[in-house]
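Following are the structures in question.
You will see two complexes here that share chain A, one where it goes with chain B and one where it goes with chain C.
Up next is the complex of A and B:
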């Protein structure tokens, strides 16, 4: 059903009371993002009020800061490898769980989701010892591996839910015609849920990109972006960090928006 | 699925389970081993329970209680604000407006935690634009930075996006026929909400609470940046001990925190299953 186009004032008049309820939460969510954006354009090095004036100098400095750019690149590398590996492991596992009897599938899924919900500080500390044993401690490989362990269950859960919605008739037909299980997974199942797979990849990439504590424990001198920012905050208060925060937030929000568009359709969100 | 296909999927399942068991279970076992070992200047020594005896007589029990209390309080507040927000979003008649608000919430979740918290520090401080508001609101005329209230407020922008989405999904799953039946039987709006809508949303409420609680209990960033040295949680104590290579005590504290967290997850899963029956 189509809705007639109305002005912003008319929308406010019709939805005024309903819009007031989420307002406190929305203001709280937007406040730090807005403050970060304003501070990145501040002409003063230290945050102050009244407003000292506008400047884009921190964005210019950001482009010439090699250490920061290096950390951003390392984060991209870790994020892409963690997301790709999580997808390669999580997709077959999600499909396998979805084709088990419902009760067994749900119970196993709950059990396999534990790594994603246990506080990362506990896993980070324990994974440091484990990576030392494997002789990969203080490397980006260790960071990627740690992220795969904690973010893979998210992909598995997403794939499980999408695969449960699929009709198994197509898979059975392909099996009857002699298709191998991997071909069924790739062409029949993957072909139907590719948007969800792409969304899962993006979600893991963005989460891995922003993950601090596991990376802090196992990254050593090859610091990822959140570790670099956290360490920088201990020694300096440069608005360059706000500028980098704005750029990264824009990229992450863009990717998150894309994954939401892929994961959901208009009808699913509207609560019908 | 034929026998060959079944065998393939048995291998896939076994492989994935083994992967998680080895890469998640083995580090936890190593953590347990480290917690039972004495460390002198970062060098491992004899096995024993001295680390546990030490942490129980240190500031850790108080920090753990503070973590659990803070986690519970922040999660309840997040849940309450999310419920209010979701009720408002649900009452919007234009689906596009609902989607716009929900998408903004979901997207904000990925906005980068450290820079956002660092920026929020400015809003809570004496140097920020809210200085006048805090001074008139607070009895001492000071800012909210480095106070418990400040830490609680600083967690909300981080937890609210995820909690709102979880609660919305739970609210959308409440069958409208149930609400209509309650109204037809003469229930008021409040009665419908408390006796029909909220009990039906129970699994979603538990998940929202659990995710918020675990995020707070395991977090070191917000407490460190906004709480300063005045608020010290269990996660911060573990983090600080790891910084000075006090691995034995850090591991012992991590094991105690892990037991608390697993107990909490277990109770939550039991509560979810009970509410689904």
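Up next is the complex of A and C:
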């Protein structure tokens, strides 16, 4: 039994003034995105006043701009592959660390998160050298690998914390029936925390979209979306970029909200 | 009789703590053995050793005469009903029950048939497609039992199966278990911290303390002839008064002891003792009288009384030790305790032949 849910109106009536407090922060956060959205619907190429009129032409052009579309697709490819690989490596690692004695697990986890805290500029530089050694420099594979190295520790940490919350008795129950460790990982552990795993996938995907430095160092002609935008800034900024930005921002916000929802909907079995 | 389980000198430690310390016991095929003891005494660890989830540091586990270390958990023909049920919360009731069958790669039609059969038996056939979290505690426990039995184990381990159930549900579950026991063909090990659970299900009970068996015997033996102060106190029935031997004795039938005030005689269950050795004097509440008859006595301060269905229980405080002394008087006898108020002194008496003198190894 929880407390009965209050209606939005009741909340507003009880806490009206207090709800206004975060408003300035929200305006500040949303303003750049709002400006970009605004400009993406302008009929003029450059910001001008009076308002030249509304148009969706830049969205139409976005579909026909092959270079921009290509960069978006490449970012999707890198994001999906980095997220899938990070999850495939991070989930078993997080589970394994969670089943170690607590001190050892935490120490190893900290060790694994080192790549994520090295400044990206240094990491990008070192990864460029590393990808040259592997002869994969200037390829999308190198970008994906870079993202896996950086984001896998985040997935590992997330899985570690979720697995620590699980009742290990369930794993023992499965083990007693003769289930293999892989089956336990997939069916028992994975089955209980699949929402968190999906959230981790989405988080890595969104972060990969945003990652510019490593991609800039190691991508060649196959530019990802952030690199494409960065290069576009050197020449003329086209409203198509704004249009693409709006689409990307909407997708990223949607995915981030979904991942938060998935993470907060985790229900722990407590034997009741 | 074939021995289903045999533990020989088992030593097991965890986190620099010795949990089982030279544990030896056996369970005969088709027998129900109860392991009882306080929290942390090694009961659940013993079950985990039997099911093969952990391996002993020293000693040997034999299952039906075979060394268990060479057997993987699924080859042991063991299933456990876990404390807290350990149901898989993300699977439906059906999926929970059939998990063990799927792991054993039983054909889907056979899985279905066996799940339906066991669900009917435990009255959960209408809940098969439900989420386990939506079930009541009693239903969850029946699902746990069905999940364990569907794989047709020869040994069923029950780890505190009655914990968290109210009296009615616990009674239903006991009846289900008694039915299984009566069917035969299975060996049971029941772990509980409650002697009453053991009493209703098993003919042999082992009391564990500090990773060792303190006493093993029939419930009646444990009750009436506790081998130590710990057993007498753990079973929660007998009065246990600390005392000391007055003189040394090599192995007499009776011993003379003192609580510091009185000299008492009781049946010796300690063996050879030295003069002044700390011992425990064990008295059943039903053996103590309030009418002054009996050859031994002590003075107790009256505390309170409980009116029960079949008897009255009077509580007194033993003066030197401050321990609670219980006196049980059947309702049919109905001895009044005239004019006793809180703290008033009363004479509690008994016959020496009904008292036991046991070792006191309590810390």
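Assume the second predicted complex is superposed on the first by the 246 of 272 C-alpha atoms of A that agree within 3 Å, B and C clash if a C-alpha of one lies under 4 Å from a C-alpha of the other, contacts with A are read in each partner's own complex, and residues count from 1 in each chain.
We adopt the following convention: contacts are C-beta pairs under 8 Å (C-beta built on N, C-alpha and C of every residue); 3 or more make two chains touch, one makes a residue touch a chain.
Given the structure is predicted, the values throughout are model-derived calculations rather than measurements.
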item: Partners on chain A (chain B, chain C) - clash or fit; value: fit
item: Vertex chain A; arms to chain B and chain C (CA centroids, nearest 10 degrees); value: 100
item: Chain B versus chain C as contact partner of A:210, first or second or both or neither; value: first
item: Which of chain B and chain C A:73 touches, first, second, both or neither; value: neither
item: Contacts of A:96 with chain B and chain C, given as first, second, both or neither; value: first
item: Residue contacts on chain A - larger count, chain B or chain C; value: B
item: First (chain B), second (chain C), both or neither touched by A:127; value: first
item: Touching partner for A:177 - first (chain B), second (chain C), both, neither; value: second
item: After superposition on chain A, the shortest CA separation from chain B to chain C (Å); value: 6
item: Overlapping contact positions on chain A, where the chain C interface meets the chain B interface; value: 175, 269, 271
item: Footprint of chain C on chain A - complex, ascending; value: 101, 167, 169-170, 172-179, 183, 188, 191-192, 194, 267, 269, 271-272
item: Touch list for chain A against partner chain B, complex; value: 3, 11, 14-15, 17-26, 28-33, 35-36, 39, 46-49, 89, 92-93, 96-97, 99, 108, 110, 112, 114-115, 117-123, 125-127, 129-130, 133, 145, 148-149, 152-153, 156, 175, 181-182, 206-207, 210, 212-213, 217, 226, 229-230, 233, 241-242, 244-246, 248-249, 252-253, 255-257, 260, 266, 269-271
item: Contact footprint of chain A on chain C as seen in their complex; value: 15, 48, 51-53, 72-75, 78-80, 82-91, 99-100, 103-104, 133, 137, 151, 164
item: In the complex, chain B residues that touch chain A; value: 1-2, 4-5, 8-9, 12-13, 16-17, 19-20, 23-24, 26-28, 30-31, 34, 81-82, 84-99, 101-120, 122-123, 125, 127-129, 131, 153, 156-157, 160-161, 164, 168, 171-172, 210-211, 214-215, 217-221, 225, 235, 238-239, 242, 247, 250-251, 254, 257-258, 261-262, 265, 269
